[in-house]
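To start, I am sharing the structure in question, which I have written as structure tokens.
Chain nomenclature is as follows: A, B and C, assigned in order of appearance, with residue numbering initiated at 1 for each chain independently.
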């Protein structure tokens, strides 16, 4: 177990290192930096001014030097300054994280609570009318763009509450907050719940075909006992993996959802930073997202081994 | 499932056999059987075909030029002239949706094909050759998979710059690791198959074995994977364009039609919000239905 | 068609635990109607071992599953017959009542000990499950009883093994655990579907010995499904030979091996490397196989199903299905040429 953990952690570091190189290079092969954008769109014209900005941000140095400066700073806890706001990157990113984290958590709860039971029902009643309804529902979950679903929800809000919910102010109470956040969480969680449901269904169907299910039936166990004690206990293992992966990957869906609902979280912030070529924000944020993904993956694998007696990471 | 109560009278052999699809002959009969067995897949095929038709014959189907503006028709509500209304610049929404099918399908099919092509190549090499190549590929895949697909596509799209071609590439690249993984694991098991050993025994070259024996046997998973990915690439294009980092003007992209209208039109011109979303959802829904049926047909493990 | 569906054993003495009459299980498939079990009758008595023998696809496993009504539906369906257990026709019970029979009165051991046990549940819990269900034991009592059962099937360190998961046990140990599970509620009938096929040869003998021993101890009736005549010779008192969904021969084991009355049976015997079993017309010391393949059940010939592979087949065999009849006392077979080939009755 210890050796396994050490190997996994080493691979994680390697992955993050690779990601840091990739994101750094990718950002710098983009034609145009923030100075160009400022001068193109903001109507600045003085070339000397532009050169001064470029030099001040270190954009005239070789890429390798810029990279080392960034990584060196990272190890000292210095994430640099946002080009745009000129505030420390950490101060820009940190306050936005809890907002996105709350949304992701709500969406995840939503998708698990809805996805798992529907998946089980759909598998147990395979090819019944109910199965078809659930399958169509879940497929539509995978088909509706979450930003459109968000827009539809806003439309409904306008119609029933007279206005669009506002996310920039601090909510009055926990209840208000929950209510406010559950709208975008549903918009993004619908897709995840569809994924969870589909995986639960196929995993359950796979398990229900196994010989040990027949054994359980031959012992005289009832359908419910067979489905839950023998079926779900086995089927739930891959489902945990997908829920874990979704936890990290919800960020993708949150990018558009936060944009639609105008929520000041990290996901929308990433898009804004990309648009403005605000390198310090983009690269640090991407590294943060990658860190979350690899850590969640590790947690999922450890959880899996705890739940499946066949898997022991002995080597 | 087992019969809960045995009902001998229900043993109507002819009806039971018809349900099971016995005595089906000819391609017409086989098609009908497929439709009956996979009704959802058939619906998906119809939806998908309709969109392909609209895309191919957009010049005939669309009543107006999707790009011509008309200030007097700005934000016109749906009417006989403007079937689905007009946008802020007075362009016909219906015509733009019809032409948008071209963009959506071009990016969807293009990115899926490109991503699968590279994924197959990488997966085949990695799985078949093994050794240090495999190790390196595995680590690169780890890196690429450490970002959510949309985030990866977003970064790619931003660094490549906005154009139709670049959008296709930006969406294709995050697909590569997914495809490569599946192909690699398939290749690994195929490599140990007796017929591969036999080919080696008669002195067939490794490259030839890989192309002649291993690749054709990964065809079914590739088709399943490709149809499953198609819906998600179409959605990714819509998301990228919605965020303003996808297909640029003047192409009528469904995703951008929504971003242009987004929140403010929620109150004033809901048709600008509803119809492009319906188009995206429908085509992805159709593709997903089709993809599910294809998987059920080709993947024997999923069969019931 | 003298007494087509009557069972040979019906005429025998009492003590019958399970009486199967005219069982028909059909499969409705794309390829057509598949008569997996077609009019099969037999009875099994207390403490007796009845073997059902045949090549794979002859319907023997579906027969076994039909008895406890676990035929996969669709595509399969029991369409006729009666399975009487102590006077109750199991085919007419509702599902709830049937559940009370499974694992309690009739239990089953399957071929694959590797896949037939739930991988995420301990052995002890899996054995105890039937006890909790049928005897209302508490979890702790069931576990204690499970340990006793493990001891009964001669698994060393039973307390320890009861806490193990299936993957921690060897194939032979798992099959012992399966037997313990099946016998936990002391059933009247034990169906063993190819219980040794997936095991090593040395383990096979141990498992068979164990089944025979326990049967003697507990007086259980055993229905042994196998394709291996060697297994039959070691364990069974009576044998049914099935071909293409039907019974083709039935006899006491010793008599069957001494003189088969159906060319298929003698073909089966000729194809196993057991010289002491091979008598009759087949040349000793020479291993033979039955030419041809088992016919597709959807496309059976009009006459005798075995005729296309039978070296003795004549026109009549191809034209009409032979009646299943008593060729001599206690000896039943379905073959037109049985008398001329193997000697007439009372010869």
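FYI, a contact is a pair of C-beta atoms (placed from the backbone, for glycine too) under 8 Å apart; a residue touches a chain by one contact, two chains touch by 3 or more.
All values derive from a computational prediction rather than experimental measurement.
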Just by CA atoms, which chain is the most central one? B
Just grab the chain with the largest centre-to-centre distance to chain B, centres being mean Cα coordinates. C
Express in whole angstrom the distance between the two chain centres, defined as the mean CA positions of chain B and chain C. 50
Whole-Å separation of chain centres (CA-atom averages), chain A against chain C: 55
The distance between the C-alpha centres of chain A and chain B, rounded to whole Å, is 22
Residues of chain B that touch at least two other chains are 1-2
Chain A residues counted as touching two or more neighbouring chains: 217
Counting only residues that touch at least 2 other chains, which ones in chain C make the list? 70
As the complex stands, chain B meets chain A at residues 1-2, 40, 139-140, 142-143, 145-151, 154-156, 158-161, 231-232, 235, 238-239, 242-245, 255, 258, 262-263, 266-267, 270, 273-274, 276-277, 280-282, 284-285, 288-289, 292, 301-302, 304
Hey, which residues of chain A end up touching chain B in the complex? 11, 14-16, 18-19, 22-23, 26-27, 29-31, 126-127, 132, 135-136, 139-140, 142-145, 147-148, 151-152, 154-155, 158, 164, 202, 205-206, 217, 248-253, 255-256, 259-260, 262, 270-271, 274-275, 282, 286, 289-290, 293-294
Over in the complex, which chain B residues touch chain C? Could you list them? 1-6, 8, 10-11, 13, 16-17, 19-24
For chain C, which residues are in contact with chain B within the complex? 26, 28-33, 69-75, 77-80, 91-92, 94-95
Please name which positions on chain A make contact with chain C in the complex. 210-212, 214-222, 225, 229-230, 233-234, 237, 307-310
